[in-house]
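We call the chains A, B, C and D, going by the order they appear; numbering starts again at 1 in every chain.
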Amino acid sequence: MKKSNFPESQFELQIPDPLRTDEMTLSMGPQHPSTHGVLQVILKTDGEIVNSARPQIGYLHRCFEKHAENITWHQVIPFTDRLDYIASMNNNLGYAIGVERMMNLEVNERAEYLRVIVAELNRIASHLIALGTYGLDIGAFTPFLYVFRDREKILDLFEEICGARLLYNYVWVGGVAYDAPEGWREKVLEFVDYFEPKIKEYNDILTYNKIFIERTANVGVIPADVGISYGVSGPSLRGSGVNFDLRKDDPYSVYDRFEFDVITGKGEMGTIGDTWDRYWVRVAEMYESAKIIRQAAEQLPEGDAKETIPRNIKVPAGEYYMRTETPRGELGYYIISDGGKMPNRVKVRSPAFCNLSVLPAIAPGVMIADLVAIIGSLDIVLGEVDR
Amino acid sequence: MEPLVQFFYILLPFLRDWPEWLALTVIGIVAALLMFGFVAIFALFAIWLERKVSAHMQDRIGPMEVGGWHGWAQTIADTIKLLVKEDIVPENADRILFKLAPAIVFTAALAGFAVLPWTQDFIPADLNVGLLYILSVSSFAVIGILMGGWASNNKWSLYGAMRSASQMVSYEIPVALALLAVVMNAGTLSMRHLVMAQSGNILDWNVFNFFPLTAVAFIIYFVASLAEVNRTPFDLPEGESELVGGFHTEYSGMRFAFFFLGEYANMYVVSAIATTVFLGGWLPPFEFLSFIPGPIWFVGKAMTMVFIQMWLRWTLPRLRVDQLMYTCWKVLTPFSFAIILLIGLWKVI
Amino acid sequence: MKQYFKNIYEAIATILVGMGVTWRHLFTRAVTVQYPHVKRELPERSRMQLFVDMDDCIGCMQCQRACPVDCIDIKTIRAGKEEDLGEAGNGTKKKLHVVQFYIDMAKCCYCADCVFPCPTGAIRMTPEYEFITYDRSSLLINFSQYSDEERAALEERERKEKEAQAAAKAARLKAAEEAKKTAAAQKDESKSE
Amino acid sequence: MTAQEIHDTIQGKFPDVIIEFNDSVLQPYIKCTPNQFNEVCQFLRDEEELNFDALMNCSGVDYGEELGVVYHLYSMTHRHKIVLKVNVTRENAEIPTVADIWRTADWHEREIFDLYGINFINHPDMRRILLPDDWEGYPLRKDYVQPQFYNGIEIAHPDMKGNSDEEK
């Protein structure tokens, strides 16, 4: 892999064009339909061509890290829900495992399996939203509704197991908040059976649509080395052909017991690392998640999922950087404890934050419509970018 | 004498006793009002239909509350809402142009109705250059859109206006060429005579004439007309996910309603042209169905085309600007030239 | 050239496939639930509005401490020795008057963290979700069964008790000091002897 | 490579940079001095055996008397990790940037500047990132006092914890 220091001028693309006219500064967002929240991108455009794009973030800053220093270890969990509100289960999981490892706590088997099931279900739900909103960015409205129809079924499952549909507060330090109710396991298996054929439908209407391919292939290519240097992770990095999945490469929970493949972009429709590859990695990952869910649900052991939840969380002084694979990529919690009731510091290394930071590097030279496609393919959630 | 005037004289015999100038004025006003009424009712119906079609295609059910049966009065309620809304003009907008733009777009759409042949007798104006006229007035819409986008003094609107100008001007060409392929055969530009040339059964319609050449011309016309009326996959001037609202970003209330009305009226106009030129206008597909009156056939065929437009809209993503131009100049235009050439050769041989 | 025609063919073919999908969906059943007319049965774990059964509440304030957003505000007054406040549902003896039990549903984040520590199961989340109001202050619910007068009386009593206690304490302290002084004096005396 | 080996490699190249090396905690760390830090990072990334091509995380910490920045490095090829720590004094909080080595550090350093007030020397774009540009103070420092007003807007909600005087 090639190594180079990136010069400062990376931000401004120099186009040696004698016909170049004045640039127009365009403020895209914070209220714009396809910035996925309150992201502002300052564009310098030359006609339809984007010369530079600078994201301005912070419109949704909710002081998570400051909050976390003033609440108890357990109370942080509802706040982690609100980081990436599309995939709250995964956010809970990362924090819970981080604290468990600091406490050197062994978690009940059943709880571990339930965690994997909910995390993967949530991954599917999150990828579905990514897929639907991506279609919306490109201009296709209908797939958006189809994915919401299927996501609804996942939310119903979540509602049944933990009572909430979006902000679950389900994965706790030492276990899970509720054991699975009677018949829940069967419903999960039923859902997986229902869901897998539906992916073909999305492929028919969106993935293999010629217009969609033309819009996304060869657009916003992130070369692997640039992606790694910018800290891009998750499906966005795998789209660039890097075989890196924390579930495989740095296993946590019981992920090492399941059979699944790591999907990487192959450049089927264009260049490796273009937006279509990133999109396709998400679609194919839903299959893999479904596979994991099926295995986990079938092997779900008996037991008491709440057995190992400590009554009082006493974290010995120390520090730990825990990273997990959320739908958006590598979510890291850097937790420092001074042995007290509250964390001394919880830093969130949010995947969406790092993924978004690559935008100035790949935006120059694309069209405004492509920029929308690139932002969509990075699948950012502003709740996590701004924290 | 104009067929329309004849039609009214038959319908209302007392008009014959009036002085001619008065009778003509009255007939003109009545016909215009009829057209306007039709456009308004059609737009209300089409918007409701679009909502329903999109909803059912997306596993939803759409509006169900207002008016009772399947929310039929929803668009009426929405229209009333739009009409009573505050009329907002941005502070730095060019006020005159800003206010004029929706009117121009709507007028351009409405003017197209003047030459649509509903039946053999009811044609508001049976021009001998009807097709040329309709192509000309429909180009007016681009001026309105450009005005609206420019006058809004908003960068997104400007983008929408620029895109719209390039798109609509470019797509005039395949539209005209595809129609020319048929006109060459029929040897007339009058809408009435174009239909009458197709009398017979379904196989005499232009779309099946010179098979498959005119069928391809029909598809080219249909695709290009989608671009003419800014429908998905060519809705770049609006492009809500890229340009917020495109040229009508700053419009609200009644002016927005007029843009909207203009869009739906345009949808009907291009469908009606397709019906007239390719699908046999008011003629029934088979002889034994001729007991059903002509206007029903005409509106029915046009509505089918409108439905297909909606169907496409709720299926397809949007093209990018360069791909839009590619489709026009490198796909549709060469193909329509080829078809003209081939039909010419066919006629000669 | 070949690619050109292939592209056109692919475009038409995939568009038709997509149209086929939407056409099929035109005739499938919609999944919409017509909300105010049809209401979904919510699972029993649904976390919607908080409810406190004051008969069971023993005023231990566990929920208030657990709440990450401080939406619970409890004030208790110790019961007198002769008072019997009864028992909670699981047999725990109540020893505190819960004169105030505010839950601000506007602040609540529906995490249900308050439900788990409750020793008597008095606080719980109910599947009741229709509690919108026009007035934010009506989301502040006081579950306490004590009227203002009762509360004022209890507070008055507590204040008096506290005063009495403080007086007693001061007296004790004084006495202790006196005792100390006399002891020191005695010591001095004994020393001098 | 184990942490010990990584430490030895750096020690061999830069003898007077490492202040402390701790192998007995969950994640072994190396504490460095701020000077020459950029060169150390460059070495860590470019040395074939180390090849730390990914900066997983970069976070500021307030240790009380000192401020610190913690770098979590990872190598995609060798799959090993190391933690680097750099401490600076509160008064003179300056660290050489690593944004030219790992581009992801660009935003992370901006965030640390924003919340801790640590200045990164030679950073291409040292501005606040999450908070408004005219915000005063560095909120994640432990001695930060929340202001009552921002541009004339009252930011302290009466319900906020620890804000009203009566609660104290």
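Basically, a residue touches a chain if its C-beta (ideal position, glycine included) is under 8 Å from a C-beta of that chain, and two chains touch if they have at least 3 such contacts.
Everything numeric here is computed off the predicted structure, so don't read it as measured data.
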| item | value |
| --- | --- |
| For subunit C, the least number of touch steps when starting out from subunit A | 1 |
| Between the pairs A-D and A-B, the one where more C-beta pairs touch | A-D |
| Chain at maximum distance from subunit D, centres defined as averaged CA atoms | B |
| Interchain centroid distance [CA atoms averaged], subunit A/subunit D, Å | 24 |
| Distance from subunit D to subunit B - Cα centre to Cα centre, in angstrom | 62 |
| Length of the line joining the C-alpha centres of subunit A and subunit B, rounded to whole Å | 44 |
| Centre distance in Å when subunit B and subunit C are each reduced to the mean of their C-alpha atoms | 61 |
| Of all residues in subunit C, the ones touching two or more other chains | 15, 18, 21-22, 25, 31 |
| Set of subunit D residues in contact with two or more other chains | 161 |
| Residues of subunit A whose C-beta touches two or more other chains | 142, 146, 149, 205-206, 209, 211 |
| Subunit D residues within the subunit A interface of the complex | 25-27, 42, 45-46, 53-57, 59-62, 70, 72, 76-77, 79, 83, 100-104, 106-107, 115, 124-125, 128-132, 139-140, 161-162 |
| Footprint of subunit B on subunit A - complex, ascending | 24, 26, 32-34, 48, 135-142, 145-146, 149, 205-206, 209, 211-212, 214-215, 367-370, 372 |
| Subunit A residues within the subunit C interface of the complex | 71, 74-79, 81, 142, 146, 149, 152, 159-164, 167, 169, 177-178, 181, 201, 204-206, 208-211 |
| Partner subunit D, residues of subunit A touching it in the complex | 1, 3, 5-8, 11, 57-58, 61, 63, 65-66, 69-70, 101-102, 225-226, 228-231, 242, 244, 249, 318-321, 323, 330, 332, 334, 336, 345, 347, 349, 353-354, 357-358, 361, 386-387 |
| Parts of subunit C lying in touch with subunit A, wherever the complex brings them together | 7, 10-11, 13-15, 17-18, 20-22, 25, 31, 42-43, 45-47, 66-68, 109-113, 116, 125 |
